[in-house]
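One chain, chain A, appears in both complexes that follow, with chain B as partner in the first and chain C in the second.
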Partner chain A sequence: MSSTEKRLLKEYRAVQKELADADASIKSTGVVALQPSEESMFKWNAVIKGPDQTPFADTLWRLEIQVPTNYPLEPPGIKFVVLNDTKLRTSKVSGDSKICYKMPHPNINFKTGEICLDILQKKWSPAWTLQSALVAIVVLLANPEPLSPLNIDMANLLKCNDTTAYNQLVRYYTEKYSRYESLDV
Partner chain B sequence: MASFGDPLDSITDPSDWAQTEYPNFSKLDSLLRCHICKDFLKAPVLTSCDHIFCSVCIRRSLDLKNKCPLCSEETFESNLRKVLLLDEISTWFLRNRPDLLDKHKPNSQPAPVVAPTAPVEPEKPKEPIRYESRKKRTADEALVECPVCSTFMSADELQTSHIDTCLSKKAKPAPTRPTISNFFKKERTPQTQPDFVKKKSKISNLDPTISTSKLKEKLNHWNLPTTGTRHQMNTRMKEFINMYNANLDSVNPVDDRVLTNRLLKWEGTYSLEATSKDDDQEGSQWRKKYKSEYEDLIKQAKANMKRITTNKDTE
Partner chain C sequence: MSDYEFEYETEDEYSNLESEADSLDDLDSEDEIGDVLRADSVHYSFKNKQTAGGLCTHRMRYKPVEADEIEAQLKARVANVDTILQLGADDCTVLLLKYGWNDQKLLEDYTTQEPESLRRECGLGPESRVRARLVRESEPQFLCQICCSDGPLYTFQLSWCDHRYCVDCYVRYIRGGQSALVKCPDTSCALYVRPGELEQLSTFEEQRVRQQEEHENQLRKQSVSGPLTSEEIMAKYQKPLVDSSDEELDEDQESDESAEDALFNFHERHIKQQRLEKQNQRNKILLRRYWYTVVVQYTKKHFKTFKNCPAIDCECFIEYLGFDSDVITSVEEYVAHKYIPIVQCSNGHRFCYACLSEDHAPATCTVVQTWIKTCADETETSHWITANTKDCPKCSSPIEKNGGCNHMTCGECHYQFCWICLGDWSRHKNNYVCTSFNDEESKKEREKQETSRVSLKRYLFYFDLFEIHRVSLKKDTEFLAKLEHRVQEIQQRAKVSWIEAHFYRESIDILLRCRITLMWSYALMFYFKSSAEKGFLERTQSNLSNHVEALSKLFEITPTEKVIKEKEAFLTKSNALKSCHEKCIEKFMESLVLGRISFTSELK
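Let's turn to the complex of A and B:
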């Protein structure tokens, strides 16, 4: 077992323990699910919840995590799962979790779901974990940084202080591109 | 969800104490862990910003950038200082942890979480496998475990005679019979390393501009394989330097040959080959893809050259 795999197993155990008390954990961190994919220990799937008192509240998003072979020295690659309209409507799912497949946010690429966050790039530290990186992403949702945008339209709304339009646009996307499904798909 | 079954059982976590009569132990458990590997501190070192990590972990991290993972203050490898007392504490805790967990288990219900007898493959002798043999010996702190065959003996015996026979695979069972010389040998005082370490000094960091022949010389000097690409040799040498220097920070250091063995194992799991192959492939694909464009550019450049020279001639 390589040191990377060992560390991933440790993280997996820690997360399992924490998510056992799901309600408290989600409330404090916003991380709803985090687990390795079936095919590889180096690919993880996660679900986060939009922070309260923001237009993202009460909605869930899926994220894909790609762990590099020399993790934790190198940061994990994390991005939002984005589906286009047809894909979103054609596949039939059911469940009671409202999951959104678009992320309108100044620092997140609308088409690819890429995230512009310093701690996922230059400011990464091996003391961080996958979970703490996700918590940072939840915090980013509540604290957008319009000065280094990946989504210029959303950034411009904030630069013009038009929070009403910003909130409305986020609400529009979270309503239009959400569907109800079960979490463990 | 992937099922990890056995390997997951061997993973320890501070939350293991939650089910015991003494859940506060989880604090101590998490304090004794390295922030990089999240495992118990091995040969801990102190940075100039007063943070502590496993020696090998922080050395690997500083290879990439000279910043403390906890406070991101500038930190250099040369400033790392070993903390032998903490190494002893951490080793003690790791050894006695299964026992402690066992003793503080509530009597009414058997805790299903702790499975120290989990079967582990022989090539990775981690905590669970050692636990069985160590448990009997916990009183005898002076004994160390042979990293090759896992038998216990005094550090001096291991270094002077046993390791040679063990590594050359003579398959001779270690003489565990106490000898008179063993009886009179005084025990090592706490917080000191065995004498053979004091004679050694750290290997200085690899110069990235080192020539390939010099690099091979260096690898040869440490009895490391000189196979593979330049990138592979570079990574191998770097990792060996990290392992070697970290070993000198340990209160129970091992022989260089054990390090070599570990390095080769590490290389197996790290799959150096796979990554470097990818690089090569990408390069050749790139060259193929843009072959015609390259040729055009070369033609243009040649034509330009000609024009310039003919212009000069006519002038």
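Let's turn to the complex of A and C:
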């Protein structure tokens, strides 16, 4: 077993252990689910919850993680799952978790779900884990950085200090592009 | 090996002007011209102070340096700062790296700011000391947070934090870093890895690799049974040698193929193997790799003073030392005066300091850029299209007439027209003689085609000459690749010393250089307006060309004995070529610098 696989296995165990203690994990970090996909150990799926006291609160998002073969020397590729399906709301309710498929945020590409976060690029260090990277993303949701935007419209609202419009816009997207699903990833 | 002695004077008159310490101080500042003349050789972009025609040449002073020398300079600067700050070389290195080698700013900040907070900002621990035994064996319950291997493992940590990781991970982590300043892997820790700490890791790693190699060697020895006869040993050692040289040739050919169309193709003047070994050695030892990264970062930051040789894999640097002129103070000005700052690195690669392409004298940088663009561009193709085709008057798709009558039917839109006047065919009433030949429009059309034809012809003429020399240059370069072997053969067969067989290599060197000069002089000629001066330069050029051909002919001699016999001829021919080459360059330079020649409109 390569050191990458070994490390991923250890991370998996650690995450499972923490998730079993479900309430605490969600409340403290916002990471709801994190596990490898069925086809590959180098592809993980995750669900995070928007931080409280932000317009993102009470909504969940799915993320896709692509782990490079020389992980943890290189950062994982993480992006939000974005669906361009306009009929999202009318699709069948199949669970009780409200999952949103759009991410209106200054540092996240609205169309592709790409995330602009320094620790996922230059400032990556092998001591980060997939879980801590996800926590960093949750923190990013609460603390947008409008000076290096991927979504210029959202960034401009913040630059003008128009928090009302920003919050309303986020609420609009989280309402319009959400559907209820069960949490199986 | 080095052949610049005959081209570049080593002038000692400038040496010892300044003390070592002064020069080290001023290395960084912009006003270093004249200060940094250290006790060793200074080279010039031109050989003579004055051309035969009396033009006083402004020369750029430079010095070929290798990474080791710059490393020594930087270490001396660290020591210099350390005498003031008294923090130890390790901390001073990190501080200087953090300050981009701006020691004035560092000293100022250090005296005005609180040392404690400055140290913290620069990623230094509370003390300057480097703790001993940073590499040690861990307890069995230790788990490396990066690779998740269980203990007992050899671990490494920095002096002033307790973030321990296994040696393998730490080494891989440091190797993965692009910059010389590498942080502790822990995300909350701001400490930088200092050279003194790295040294411990590096030494440990080195020892371990050596042990491993020894172990492998022992295993190999055990598998060999019985003593070997001398023949067997010979066979054993000769075989890999042959293999590797074959491989190298193959590689060379491959790279040649891939670079087939590149106009610049530095020919190798030094042995590839040696260079690779040097690189391997450096990459193996972490500490040496660290300092090399420091040097590269430093030269990139001071790109005005240092240029990395552009030849593939060459790691030499050129240090710019200013001009021996009152008129010219910068490389930009120098180039604007139509001079060409050709420099030569320690490995013998000659390149232009301004545009970093291979030696392109006598063509100026602008000419070279425009020429390359012209060659690569479709503009000349389109010239051909205008010269040989006409556009369909209706759908404007280009049509080449490949015989037949003047009644054209466009293949695209089926429009029928007359090839001569480009008018609608129906007007010709099935009469195959064009009646509207003197039509204004058709006249214009014909004139346009005429000028285009002349321009294309001119371009093709110079391009052909350029190509001929480029191809010969390539062949000669391939020849040079096999030269090492041939020189050896000459030595052995004729039982002469290496020095005596050296003429062969020198001759081909000068031949190659003249071919490059000829090649670019044709490109340059394309942009000259015809004048008496151009005719004069053309004569110089053809003179050089004749000399080149004369020497080139000698290389057709293949039997080794004969080559040795012809040594005299080689020497006279190559000497004649050398002086002819010098004169040729001087003449071109005079015409360019003194503005005796004007350029055509093709050169923007």
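General observations
Note that in this section the second predicted complex is superposed on the first by the 176 of 185 C-alpha atoms of A that agree within 3 Å, B and C clash if a C-alpha of one lies under 4 Å from a C-alpha of the other, contacts with A are read in each partner's own complex, and residues count from 1 in each chain.
As a working rule, a contact is a pair of C-beta atoms (placed from the backbone, for glycine too) under 8 Å apart; a residue touches a chain by one contact, two chains touch by 3 or more.
Predicted model only: the values in this text are computed from it and were never measured.
After alignment on the shared chain A, the placement of chain B and chain C results in a clash. After overlaying the two complexes on the shared chain, residue contacts for A:69 are found with chain B alone; chain C is out of touch. By the touch criterion defined above, A:126 lies against chain B and chain C together after alignment on the C-alpha atoms of chain A.
Contact comparison for chain A: of chain B and chain C, B touches the greater number of residues.
Legend: residue contacts after superposition of the two complexes on their common chain; A:9 is shown touching both chain B and chain C. By the document's definition of touching, of the two partners only chain B reaches A:38; chain C does not.
After the shared chain A is superposed, the part of chain B among 20-28, 146-154, 182-190 or 200-208 that runs into chain C is 200-208, by C-alpha clashes.
The intersection of chain A residues touching chain B with those touching chain C, taken from the two complexes, comprises 3, 6-7, 9-10, 72-74, 125-127. Against chain A, in their complex, chain C makes its touches with residues 145-149, 163, 165, 169, 172-173, 176, 183, 185-187.
Chain B makes touch with chain A in their complex at residues 1-2, 4, 7-8, 11, 13, 15, 18, 35-39, 57, 60-61, 63-64, 67, 69-70, 72, 124, 266, 269-271, 275. Put simply, chain A touches chain C in their complex at residues 3, 6-7, 9-10, 72-74, 119, 125-128, 132. The touching residues of chain A, when paired with chain B in their complex, are 1-3, 5-7, 9-14, 17, 35-39, 41, 69-70, 72-74, 123, 125-127, 129, 184.
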